[in-house]
Each structure stands twice: as structure tokens, then as C-alpha cells.
Amino acid sequence: MNNPISNSRCPLTPSRGVIRSIIPMASDNTLFQITVEEDGLNNCMPGQFVQLWVPGVGESPISVCSGHVGATIELTVRKVGRVTSALFQMNEGDWVGLRGPYGNGFPVEQYKGKDLCLIAGGLGVAPIRSLWQYVLDHRENFGKITLIYGMRHSIDLLFRSEFKMLLRRRDMDVFIAAEELCGPALPPISVQLGRVTDMIKAASLSPCVEVAVCGPPVMYKYVINELKAKDIAESQIWLSLERHMKCGIGKCGHCFIGGAFACKAGPVFNLPQLRLLPEAVECA
Amino acid sequence: METNPRPCIAVEGLTGCAGELLVILENLDKLLPFVRVASFPFAQSQNDDGPVDIAFVEGSVSQPHDLEKLKRIRAKARWLVAVGNCAVWGCVQGGACAKCKVTEMLEAVYGQHSEIQALESKPLDAYVNVDVKLSGCPIDKTQFLSVTASLLKDHLPYITHKPVCLECKLKENPCVLIEKNLPCLGPVTAAGCGALCPSLGAACYGCWGPSQDPQMDAMATILSEKGYEALEIMNRLKTFGAPAHLFERMNV
Amino acid sequence: MVVFAPYGSTLKMSRTFLLPKSRFCEFFSYLKGLGKFFAPVRVSEQSFSFKEIENEGEIAWDALRTILPPKKFFYPQRETVLKYDGNEVKATVPEDNFQIIFGVHPCDLAGLGIMDTIFEAAPSDTHYTKRREQSLVIGLSCMPDKFCFCQSMGTSCPTKGYDLFLTDLRDAFFGQVDTARAEQVLAGCDHLFSPVSENDKDSYKEFWIERDKAFTNGFEPDNLRSTLDMEWDNPLWDELGKRCLSCGNCTPVCPTCYCFDLVDIANLNGQSGERQREWDSCQFVGFAQVAGDYNFRPTPVDRLKFWYRHKLHGFDDPYGFKTCVGCGRCTVSCPSGIDDIVDVVKRLQGNNEQSNK
Amino acid sequence: MSDVEKKIIQIPEITRVEGHAAVEIDIEDGNVKDVRLDVFEGTRFFERIVLGHKYDELAHITSRVCAICSTGHVLAAIFAVERIFSFTPTPIETKLRELMHLGMIIESHATHVCALALPDFLKTPDLASFAGQHKEKFLLWTHLRNLGAEIQTAVGGRPFHPVNLHVSGLSKIPSTASLEGVKADLKRSLDEAILLAELVLSFAPPVERLTEPYFLALIPHDDKYGYFGETIQSSEGWQRSCQEYKEYLDEQVVEYSHAKRSLVKGKPVMVGAMARLALFGKRLTREALNVYQETPLFKGDSNSIWNNAAQAIEIIQAIERAIEIVDEVEALKKEQSAEKKPLEIVAGSATGAVECPRGTLYHYYEIDENGVIRAADMITPSAQNTARIELDIKEVVSQSKEKEMLGPHLETLVRAYDPCNTCATHMVAINWK
């Protein structure tokens, strides 16, 4: 009610969010649970992102990694630079600025009634998590679900306890792969040695599955090749793109690719859409 | 009133023109309410050598004495901030060292058996880990204050590495490289000064040091098409300490 | 302050009038009384700039392209978008300031139209629209020089972006009123105008026919998009990219380049500060760099190609138009001479005739 | 082992001076044997740095010798080059260069007098106590140095390392509005400058000087007090053109220091504000002269510590003269100016000299027919003063009873010379033929 941020009509002015809890995860990643004050932010859809503002430092686009709609959103953040480091210095109870939700998110309506394959590489697991949480909340609407998650070192596995639960579920297949096994083994999570692409090979995917992918840019080419080898149509392959983004509302131009703003028309595109955007992704 | 002790700063000079010390001294009235000046030999007699939160270091390492001092400062500072072109790039003395040997110059001045020692002038990061590099010759006061504001909060400061041309165009200056064929180095020089020289109708001579990923080869091509000779172009490009690796792509 | 009709409310039927040049002085003083008056003035041997003027003698009537286009009046080079102090965050609101932008040529009017589309798209940019709200844009006819190619881009006729357009008929200006706002403003100086005679109409038409013929620069626009797609790997790009300084001069000068950066500036007290936005350029190496040091456009070639495509292929989605209006600013502002759009397009089209510049 | 009592007084680093210097004094049996002013600022070889560069780069490069007197270095270099090219800038440009120089004098003197020298007398060893306990004096400094910075910014583009001064003139003549702004601030500051001078004069020197100094200064153009000239005047009565500086100044290298030092006919000399006042004090502007006439300096007391007061007086003069210059420039702007003669590059060599805050600065260059620098030499004021500082110290220590207690006073003494060690350590010997 008493929102100290006045004049919120300006789309570049954030609303406030209060950090409720800070949960360190593997290596430089931390989960922030933030209570939001603005209505729009309560309704984030899977794959959407927010602009998170640390006053005096700057803003960063961060995917909402929780699929449950509500007054608390979850963000997984990796410490890489100015804004993210400053965020890591904050405490529970501190406030940050939030704008959003932005982006189209995954086309969940279109996924309804279909098999789904979710593929995450590294920190790409954040938006994918919002998708699996959403899908599991509405489990009856979807067919077979396969979740593939790959990382460089097994020690970087994020959402460990959640994966423990997921692995136990009978209504989905979960593959976790690391290129290198290191750090303490964590039974009962079985991390296999290999790449995301190896897991795709191993998974049984029907050609009519809808695939949602998020990971580092270099990963996409290989994943696409592997999926196409399984006769999955390009229109069923959905990629979430990471781009430099300043505004999130299709004005600052940083995320512009080909003929579209990744923040508005994307960040989720399927392959035929991407083919119209030269240099969007190296897709063989 | 005060709960936390104020952050401590040190302001130290190695070999340079004292320009940054002067800029900092002249802006000290703005800083004093927020910091304790533990050490600033240029400006005060009572200096302590204890640990500091931020050490601003001016000048390049040009003699063993500088190096010892730098190592001492590194050991006591949480944030080591290289201020000024000398500390960040090596400035004119660094540019000169690229051309001739220090030992020869030394001998020429002080004779063969002099006790005086000199090192090839190098920026701080040739010897120690530098946390923040704020270039400028001298540093810009607004940039300095905003960098300090960030550091006082323990935030990594924002320092632009875009070229001077951006600031120049934002000021809507006629381009002196195009209109007067002056050897303007704005395209390869880091912004921060507010495009001072072109705003006065003069060529940027690169005092801020190189911008991020400067296109030295294209710059040289364009200047040579304007009639500047290769040697002169290289002299100009290297005057303010642009390091050799930036010229690797060049076929001049 | 007078309350003006909302901007953008175009008249159902445009109205015309004649302003004798002998009365321009009065016209100027009348407008100057309403707010700040900006017009092109000469700033160097070759360059002009829109600047606030005090008397009409300062207007550079021969100005074709100013260094920066008039977008700067609605979307300034650098502006504070919000301020914070402790717990409070406040969006800044542009000052109330009525401004008259005089002497905007058709290419720039088209450019403003494109900026409108971008900044007014939901969620609309309140800073931009507020300034647009407070302005009166007066267009002015021109004769092309060897760099103008608006004809090829389909922007040579003024269609939108102005409130009032003046065609220079030697002894008088032929005025066309397009918006309710202009109508309202002009009501106060109606006595300076005379009705348009048949003769005037003839001269008006003659002028525009003459102007159409005056273009010496341009290319065949029909296959522009397909040419670009087809020639995406043409070696010409490497040739140009090698000369590119990545200085970014081509973007601030472009009437349709809208990219910006947002930067926080903290105060020493650790409590307060502000957030500024500043024009940015896609030609800078960090523009498309993301975490992990992955850069989508690491080389000048990548960035130059990207820029050309955006200008000439334009928005596929969501707007579907090209974003070059043919003003020639980039051509004259590129220190390296690689932004000669006409020349590049012709070469891509396989037309290797020597350029006349 | 000898039974002579040996002692060394060391001041490992003199604080509050520009650059880095130390003093070491050997005392044997109560007698001062040796005094060494060791400048351990790193060497920067400016005479080598400029070689191979074009004449138009000189201003940018030489300004980096020293921030505080960058304008002086720039002007000395420009004067030398313009002499080689037989070029004269327009009268407006000449005036603006002088205005710029006065800006430097104000900024440099204010910073030296207030921030570096005064704390000794106010007994404030750190900045916080200076700013806290003597707020009005601290403000005096900030106001005056801001004024100097404002002038240099208006004319030169920034407070130091000017970007608007070039061989052949200025790239942009400052607007009337900015000059009038400067003038208004100058007028506002005159009283403060007088206040500062009176303040400095109220502190008695803590040490005494014994032998009379040997002063050198440029004879200013016209018959005004000023900083530009061609001919050197000595307190011994002789005059020489600055082109012949090598004949009267004898530069020496000493083993223990990075700075070279100059002697005149084997004698230490003193240059700077005190020298200028001693030789040309009668030419001061009105208010400055008023203050000067009431000082011990005027009566012939040549204690080096009074150099602080001399600088304060020069601030008053600079303010008064700067006001005049603004008016003169504005008057000249109204005149129809003649077409500027283009610069013609010719080979040759020449010396340019200016009076910097700390004394006479010489720049010598040889330029080839392409405008490339082939040889260079710089003689800085601090190099000229060093021998005199050592002599002063020797005298003071010899005379003193409690030698060990002298440390702080010696620092005060050295500081009064305002030695600029960044300047002093640029040197490279060039073998003349």
C-alpha cells in the first residue's frame, strides 16, 4: 500500500522486493527468495525474467527460477561481476529493485497435452526449473516428461535436494551428467559421466516431444544436432537465449538480434523463428 | 553518533607527475566526511602504515624504491586502486621505455658506476594484483568520486572503456579527424574526459590510454591515408602507454 | 503555461496557408514567446547543429543535416531516469518546457516517426513521451546534396512526425498544418498568413517535382532485403570491417538509433544516487557481451554487418520496417568512410559504378 | 675507530612536497660535514621521451613532467618551438596564455602556501585536523585553488595538463561569458588573497638565514610584473639572454640523488617568488604592492621561509593582473583581427623560458626540417634551487645548538622552497657539441 517508489509509471523504475532468505548453493551460486511488492511480479510464467537492481551498482536480467505463482519469487544468481557481487554482499531483510516480469517465457499453453523434454546446461537450470515446477504443478496437462541437466563439474550441481526428490518421482525421467566428477559423491543422486548430448542420446524421446533448452551459448549447436538426429522437428525445439539486456522492454537495443528484441519477442524462440534471425545462434 | 569507524584510505605516489595526488587533494573536502586519511605523504606529515580499506596509487614503477613501496601498499590495502595513466598504462615514460633502454638512459645521465637504479617504467599490474584501474591524465574528478563512492560500499565500480568518440558525438562536436584531418585518437582512446580536446577543436592525443579492444590497425590505416607517416602514427599511438599487444594485428 | 492539444492528434484534413518571408520575423518572435526555439545553426565549416536561438538571423537555412538528429530533443544524450535516497526511489520527470523544433527535414521527420514507434510501444517510455508532448515540430523543405538518399528509402516526402511543414517557395513559405496542436498554436498568429492561391499551389507542386529530380545519390530499393540476405557472406563485409574503428560515430548521428546504456552513479554518503541512461552504440565491443565473456559480435566485421542489417533490413518483428531514412549522416560522420550506405548497397547489388562523392 | 663523534640526521621522506625527497646530514664533532638532499623520485627521462616526436606533441608530453606547473612546461616548450619557427600568435592568444599562466600561479601557490606550508605553522600534522580546526583557512585554500583551476579550465580546458594550448596558439578562444565568469570570481577572491598573505606574514620564521642569496629571474615583458621574458636578471647585476643559459647555468649530477642541480659560476642560486619580488617587486599591481611594502621582504630580509609570503603576494598580483587581462582580451575581441599567419616548419634550435611558480624554467629544443624533435634539454627551477637548499640547511644546522631537534624545522625550510621533485627528476644529460 505504502509503496515508497512513487511514479512507477516510468517503465524503467523498479518496484521493491525484500530479500527473505539467502541460500548458498554450489560454488558461486546462491538462491535468493524475494518478496515482491508489485502485482505484476506475482504472476511470472516459466522462462520469464526480471531486472534485478542493486541501488548504486546496476541492474541484471535474472531468470525467475520458481514455477509457483505467488508473492515470493526465487532467483538463482551466479557471482560474475559488479551487480551480482554486490547482491552477494546483501543480507536478509535488505531490499532490491525489481522490474518485470519480462520476456515471453516458455509456451506452456502450446506444450499442453504433449511430451516434454527439458534440457539445462549449467546455470541454465534456473529457468528450466521454473518450467518443471510449473509442469509438475499441472502434471495432468502434460505427457511424458524428461529432464536432462548437464554441468562441467559434478560439484556444481544446483538444487541438490530438489533433484533428490525428482529422481524419486515415477512420472518423469531425470538424467544428470557432469563432464568431470569431483567433490563429495552425493548418494542417492547419481551423476553420470558425460555431456548433455550423451544424455539426449540415452533418453528415449518420441519425435513429437516439445523440447525446452537453456544453457551456455556454446551448448546449443550440439544439442540441436543431437535432437535432430532423433528426428525431432525444428519447430519443437525451444531455446532460451541469453543476451546482454539493459532495459528488458524492447528499447535499449542490446539484445537485438536479426530483426527482433530478444527480451520482448524472446528470450524463448523455436528453431524456425531463430533461423530468421541471423547470428542468433549457431544452429547447424 | 558513528557506529562504524570510517573507512581508511591511503593516497600514495610512485613515479609520476603528482597529478592524481593533486586531483585527490583538491577533492579531499568532499571525501573527508566519509573517510579517514591514514596516509597521504604529499599532503600531510602524520601518516600511519597500518592496513587501509582503499589505497589509491599514482605513478608508474620506475625504480626499485617504487616497487618496494608498491608491495608494501599492496600488503596493507584491501582495495588497490591504480589511479592515472601512469599507474594504469605507464604513461609517457612507459611509452618511451618501449623505444629505448633504461640502462642506456641512466648511464647517459648519471655515469657508469652510479648507485642510482632505475627500472623500465611499468604500470602497477606488471608487479602486483590491481583491483581497480582508473585511468586519466589526470583522472577525472567526477569519475574519481563515483569510483570512490562505490568502493566505500565495497562495490566494484563502473568505469567506462568505450571510446572518446562517444563522448565527442554526445557533445555534438564537429569531427576534427574528418573536417580538419587532425590526427585525432578519439576512436582508440578510452572515454572519461568528456572529449575535452575535440570539444575545443583539437585532436585527442590519447591521454586516457586505450579503449576496450581499440582498432589500432584501422586507426593507422586511416591516418596514413590522411598523409601521416607510419613512424609518426606509431609514435602518436604509443605515447600514452598503449601496450605492445594491442598492435599485434598490425602490419605496418 | 498553455495547455496544448495532445500531441499526435492529427487533423482529419490538413490545412494550408502562405507565410510571406517578410513576415517570418514576426512568426519567429511569436513562437519564441511560447517556449524554447531550436533551429539548425552553423558550428563549423561543414557542420550544423540544432541549438536554441535568440533571433532568427542565427538560423542556418542552408543546413541539410545537423551533426545530431532532432531525436536529442526527446531522448537526450544523457538523462537521469531515477534517483534514490535511502529507502526511497523516485522516477525523474522531465521538466515542463515547451520547445519548438524548427527546420526539420523530411528524413528526420521520418526518423522521428520511427523513434515514436519504438519509444511509444508498450510499455511506453515516459521520458520520451513527456518531451514529445511538450514540443512543436516544424518541418522544412530541402534540396538534396550528393549524400542524401531518402528517395531510395521511401522517406523523401514528409508524411509524419511534424505538426507543421513549411515548403520554401522563394518569397514565401507554403505551410501545411497536420495536427490539432499546430492548429491551436497557429491560431495566435493567423494574421501573418495569407490564403494559398492557385499560383502558390503550382509553385508548391513545381518545387516538389523539381526536388524529386534533384537526387543524384541512391539505389534501386526494391530488392534491398533479399540482397542483404543473399550477400550476408559477401567478402565486402570483411573489407569494410577491417577499416572499422569501432568508434561508434555512425550510431549517435543516426536519427533512428535508439540504443542506450543504464548506469548507476552512487553518492559518497552511501545512501543516495541516481540512475542515468546514455546513448550507447552497437559498434562497441562490450555491447553484446554476456557473462562468461561470451561475445555474440566480437569483431568489428560482426558489428558492422549487424548495423547494416538493422538499418536496411530493419525490424522483422514486431514492427516490420527498415530503419534507415537516407539522411546520409553516417556517410559523412564515419572517419573511415565505410558507412557509405549507397555505395555498399550498390556493390552488393553488383553495381560497381564509381560513386560521385 | 676514531674518537670523533659522528652523527647523522635523517629525514627519510619529506612529506607535503611534490615528489619524493629526503635529507641526510653528516655531523662530525658538532660540525656539519655534508648535507645531501636526496630526490628519490623515479627518473622519467623526458629529454629522451620527446625525441622523435613531432613539434605539436611537445605540449602534451612536456606537461606531464609535473602536474602543478604543467602550464609552465607547456608554455616553455611552445615558446621555444615558436621561436624556432619565428611565429607570433595573435595578441589575444598571447594575453590568454598569460591568463592561463596566472591561473597556474594562483592554483600552485595557493596549494603550496595553504595545504603544504601552513600546517607547519598551524601545527596540524594531518588533513583532518587542518580541515577541522582551521576551517576558514582550509576554505581559503579551496577557494583560491578553485579559482586557479577555474581560470586554467576556462582557457586551457582543464585544471592542469592543458589541452587548449598549442604551438601556433589556442584551438578555441574562450567565450565572453566564461571569461566574464572568471572575472567575477577573481574580483570576489581578491580580499581572500590579501587575507592569506597577511596570515602567512604573521608567522615568524623558525630558523634564520645567514648568507645573502643569489637571485635570478626573467625580466618580464613590458614594464609590468610578469612571468614571460627573454632575458635573465641576476641580483649581482648582470643580464643574459635565456638563449645562452648553458653559459651561465652549470648543471651537475650528484651520486646520491636522481635530481641534478645547477650552479651559477660555482655558486648556489635562488629562483622563484622571492627572487622575482626582490628583483621586480616594484612593478607589482596595486594591492600586491601595498602588502609587499609592509613586509620584512621589502626591507631586505631574505630568509627563505619568507618564500611562502612571497608566493602569497604573487597570488594577489595574479588576481589583479588577471582581471586586467580579461578586460584587455574582451577589448581585443572587438577589434578586427588580422588573418593569422600560418605556421611554417623550419629546422633550428632555441630555448624557451618562463617564470614558473618555483622559478625560471628553461626548455631547449632542436627540431629538424620535418618538425621532429632531435634534441631537448630542460632546466627546472627545483634543479636550480637544490644547491641553495643544501647550503641553507648546512648553515642552519651549523648554527644551531640542538641539532637533533632541528628535523621539523628543516622540513619547514625545505618546504618553503616549494621544491618540485617530479620536475627535478626528468633529466637526461645530452652531450652538447
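By letter and in written order, the chains are A, B, C and D; residue numbering begins at 1 in each of them.
Rule of thumb we're sticking to: a contact is a pair of C-beta atoms (placed from the backbone, for glycine too) under 8 Å apart; a residue touches a chain by one contact, two chains touch by 3 or more.
Computed from a predicted model, the values in this text were never measured in an experiment.
Legend note: the chain whose CA centroid lies nearest the centroid of all displayed protein CA atoms is B. Centre to centre, using the average C-alpha position, chain C and chain D are separated by 52 Å.
With centres taken as mean Cα positions, chain C sits 38 Å from chain B.
Between the CA-based centres of chain A and chain C the separation comes to 38 Å, rounded to the whole angstrom. The centroid of the Cα atoms in chain B and the matching centroid in chain D are 25 Å apart. In chain A, the residues that touch at least two other chains are 56-58, 81.
With touch defined as above, residues shared between interfaces to two or more other chains in chain C number as follows: 263-264, 266, 270, 273, 280. Of all residues in chain B, those that touch two or more other chains are 149-150, 153, 155, 158. Chain pairs recorded as touching, per the definition above, are A-B, A-C, B-C, B-D.
Put simply, chain B touches chain A in their complex at residues 149-150, 153-158.
Across the complex, chain B meets chain C through its residues 30-31, 33-34, 145-146, 148-150, 152-153, 155, 158, 161-163, 165-166, 169-175, 177-179, 184, 186-188, 212-215, 217-219, 221-222. Across the interface of their complex, chain B is touched by residues 54, 56-58, 81-82, 85-86, 89 of chain A. Taken in their complex, chain C has these residues touching chain A: 81-82, 84, 87-91, 93, 118-119, 121, 123-127, 232, 257-264, 266, 270, 273, 275, 277, 280, 282, 287-292, 294, 296-297, 302, 306, 309-310, 313-318.
Residues of chain D touching chain B in their complex: 13, 15-20, 40-46, 48-49, 52-54, 57, 60-61, 64-68, 70, 111, 115-116, 119, 125-128, 130-131, 138, 142, 145-146, 149, 157-161, 163-164, 166, 171-172, 253, 255-258, 260, 411, 422, 425, 427-431.
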